[in-house]
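Two complexes, one shared chain (chain A), two partners (chain B, chain C).
Let's look at the complex of A and B:
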């Protein structure tokens, strides 16, 4: 993270590719220093943009876990969230209260971002939101109950978490429920 | 776990429980989810019980896989699905199961089940010391203790208690209880005590020992 709050895209892309079982494919992607998720390219061919590369690699070389979506609808949702990640979440300073609220309300009816099972979207968003959640107080986390609930679930995957610390969450809401002391 | 109550109050409680959790217990689907799911008749109203509705739809999406969730509340024992870790369930993908290995496992499970039937295992219990704090020095501590002791749950036994001064004339109630781990949820117990809002300010677990 530099002074601008920009996350290190290269580091994140490497982690994600490894997490999705694409370690063998790392050398297919041009990950030289300073590459961003927007302008990353495959070494061969003219595919540009991390979203497209990720979906392409997962579909052709991945573990066959349907991570890019099981139905046309879900594939569209995964795509939408990957795009959302690039537009709103790759720069820490652009992750505003509005963005967090929007994601929170989206997660009211679904356990994961693209419905009922883990897809590419969840780990990608986890890594983008990690520094934000690390800085939040319990009270702030409680402002986004659904997003917090989702984050708490996703961070349980130790392979994805890597060296990241587990963000602590309160099991019982402390600030805005009926049986409270404040 | 205690979430098999399908009355409006029971559903509300489960809804609150699921507010901060994706599953009833832990971070992967388990038999606790199946039990709670089966107890609910029909989809909950998403306006009144948003968290419950989210969870309900999620568990529903597993279809028949529900019976294979790990955990031992009825149905098959922690079974054939996947033993290496919880994330396998997230992907809902278990076709790679090796037939041979599955057979051996089934056999072992059958042996284990037979063994288990013969002698019921020891019941896991915990001894817990709770600190119950009043609002101020004017709170009637005797009444508070009586209220706490009024709580009756299957598998819960109250033990000795005493008042410990915290300062400025305020006492807190320290009370020992013994619970059977399978039957009593500590979260639920502390929440129940905290529901006596007039008397109780907060409840802490001072000590927690497995017996």
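Let's look at the complex of A and C:
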């Protein structure tokens, strides 16, 4: 992954489907070269857009892990953050300080993006944010304390992390600590 | 039977800013789905960078929905309705294409942008195609959810009678029809949405991310108008300069270029001059016995050095004095251990300190010592004047006296049973087990730590006290403090005022020791000055060693001489410098120079914790010299994390990251690029510069940073001042990125422009050299060499310092990358716990105490109270060895006691005492505990801290 520019959506999507235990469903999705998360389609039926396709596959597979959300509230949040990922996080140049601060603020009362348990949203956002976090200095990471806390947690999953390196975080604040309490 | 189930229906509330049409979607959908959704209008502040997302549905603390389509899915699920693929596709179409296109079109100049109009037209025609024969987007004869989604998004466009609407008559018809249906009409009445650009503004104000992402989309299509681009870039970098600033920059640029204010080498001594401000800078005197560690260095000498060098660049008349604080118990006992005299110990360690500071490029005008005759002379004189002015009191204190040793024992030399909890190894001032503070006289069964004897009695001892309460009253200390502290750092002000508030009490300024300044009163001739009375006098005596005209700096009643006295220290030294020392001086009734700017830092921690003797964690001056990383890099990082308003921490990872990102990629990259352009494109000569408006804008941006930088430096906010320098080099980098001189050089037509850009770049490099000089003098020197200039020129604005045709020197990179392997190695070497050390020790051949310099268990930590640093040579805690040593110690202790009881030959006793001390010392090393001899936990003795 380079310092700028688009991530290879097809690679990301494949990786995520595998991670969620949907390897069998890979062939249901049209992942030809150059497909993006926005225009990806299911081979059968009309459904378009990785955010909805992912939810659909997870639901039909019936993996029983409630990855798409345990409640109506969580399901709505999963919709929201998967869409947020497509709109703001797939192009690395659009991940601005504004966006990071916004995400940080929504994580204040939450362990994960959809509340207190892991859902589809978290691994997806992890893969989008990884190149950004890799480039951040300790000082920058401290600007987003909740997001950093979430990232630090989510990257512990070695299966998700794969070949990615662990992004280092300082366990005591090195810089201004006043923004710890928003 | 049983209790009826109580179902509480939460009322869903949608918060929205007034007139925001985005709220239409959830409201309509809720009505269609028969789910109750209330609208709540909120007012939002118009300023502030981060905007709240509106409309938003807050269901509970963790469920905050701002994505209107996600709100739709929630409402539908609540209303037990299905989400079918057709609806989902439409929602994605809305989010990915339609909504961004509409917002882009309705933004400030969006409708004039061809690319935007094209995209919107395409999206609208796709929608038009989806209208079913009944005239709706749903499968039915009435508008439903599909219609709601699209209708809400297009509302601001189509309700404003935009000219684009006329291109889509079918769509307009659908729109007008839909407005009349109940759910939709009611929504309009509730929300009262604005339309057109006004409506779009209500969306942008709560959702700038929408703007940014739509613009990013447009960038991809490369049909973006330049005004939009600059708006985004300026919003993100926040450096929009005003026309006045640009005009000022232009004026300054065309004006005279000053000469360097740096004074050459002076043949004489630095003395205060009339008609200008004179700067006296002192740093807290490092205690000679300790190898200074990073916290000491940043807190004191380095901070003062940056400020002193800054003064010199500005041509100020400044004297920077410091030295080692050498008197006191710790030196005495160390001397015993090493078999040297205290003077010899001090000579040895003073040289070590000198070496370390030289390596750090600390530019003292004079680095002295407290063990001089001037110290004794001046100290005794001050004491006698205080005595004459009746500010000294003789008082009796109850102290412990060791009969065999024939000396009064201060807290650090006493151990006993804690009166509160019964712990048998309570220290003289505090019990380790229950942490209560004790007085050594309260301990049960007290033992002398020097000889181990239990023959310790309480005896009255007469000591001299400084009558602070009288001084406070008669010399009006509080008044002075109030005024003076306005120029101090807030923490210093706070500490000083708290002390005063607590109420000043008499303070004992004499001690029963041998190594110190002797008290000049017959009755007390066997006593010496208390270290905190004595040490600050070191500032004066060292000046006296520097010049016989020292009084011009220190006791100057001339009205024409103004001295700005800056004192640098860590916060634990504040009470003594802010109250004790000024009070002592005022008590002599002489016009002493008192501190005007007391600059105190907080504590620097190490990695995840504090320095710890038991774990042996810490990085010291000697260690730093061994790392192979140049001094300037250390200076840079220490200042970067200087603990100003609160504690900070040294982290190896962060050290590496900062070097690589800020020094290498930002600063080094800019300087190297800039000079390489001159080398490659202009034969190493500064080209002719023809300034454009854009160039002046950049100059204005730089000027803004310079002014901020200087303001911060005057307040000694070194951390922030350093960041300003990095901001300037960032401006330089951005300037190159936008001007692309590497492309300009390819065309003959762009030659002049290329020359201007590279020329301006070179001037920025010169500026950076001047600004860096106080922080990284070595780097500044290197840049001067590469620029082929001899001195920095201080200026508040960017100027064409280098004339056209000026030939530069050889260009080479300023910084090296630090890689994580090296950091890992260094972190392991200077951190870790005992187990790791044991491993390391097992691998290395055991050498008896590496160099007495790095073995500093016996020393007192100055930054963190109570903890003494441990040797990096490592500690192997082999229990068998420990047991053996303990047995030896017990045996030796008994031997000593017997000899003393027998009143044996003094020389023999001393020899055995020495042996005993050596054993205890070794035990301390092995077990990682401080030796009993130099109990640094004793708070009283930690007054040695500097």
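The working rule: the second predicted complex is superposed on the first by the 171 of 182 C-alpha atoms of A that agree within 3 Å, B and C clash if a C-alpha of one lies under 4 Å from a C-alpha of the other, contacts with A are read in each partner's own complex, and residues count from 1 in each chain.
Everything below uses one rule, namely that contacts are C-beta pairs under 8 Å (C-beta built on N, C-alpha and C of every residue); 3 or more make two chains touch, one makes a residue touch a chain.
Just so it is clear, the structure is predicted and the values come from calculations on it, not from any experiment.
Partners chain B and chain C, once the complexes are superposed on chain A, run into each other and clash.
In the superposition on chain A, contact of A:61 is made with neither chain B nor chain C. In the superposition on chain A, contact is made by A:110 with both chain B and chain C.
When both complexes are overlaid on chain A, the residue A:175 reaches chain C alone and has no touch with chain B. By the document's definition of touching, of the two partners only chain B reaches A:118; chain C does not.
Set against each other, chain B and chain C differ in how many residues of chain A they touch, and the higher count belongs to C.
Once the two complexes are laid over each other on the shared chain, residue contacts for A:14 go to neither chain B nor chain C. In the superposition on chain A, no contact is made by A:161 with either chain B or chain C. By the touch criterion stated above, A:92 is placed in contact with neither chain B nor chain C. Residue contacts after overlaying the shared chain place A:145 against chain B, while chain C stays out of touching range. Stretch 924-932 is the one among 240-248, 726-734 or 924-932 where chain C clashes with chain B after the superposition on chain A. On chain A, the patch touched by chain B and the patch touched by chain C overlap at residues 109-110, 115-116, 170-173, 177.
Across the interface of their complex, chain B is touched by residues 65-67, 107-111, 115-118, 145-146, 148-150, 152-153, 156-157, 169-173, 177, 179, 181 of chain A. In the complex of the two chains, the chain C residues touching chain A come out as 49-50, 53, 59-67, 69-71, 73-74, 77-78, 85-86, 88-89, 92, 95-96, 208-209, 212-213, 216, 236, 605, 608-609, 641, 646, 648-649, 651, 653-654, 657-658, 661. Remark: chain A residues 38, 45-49, 51-52, 56, 72-77, 79-80, 83-84, 86-88, 91, 93-94, 96-99, 101-102, 105-106, 109-110, 114-116, 137-139, 168, 170-175, 177 touch chain C in the complex. Within the complex, the chain B residues that touch chain A are 16, 19-23, 27, 46, 50-51, 53-55, 57-58, 61, 86-87, 90-93, 187, 191, 194-195, 197, 201-202.
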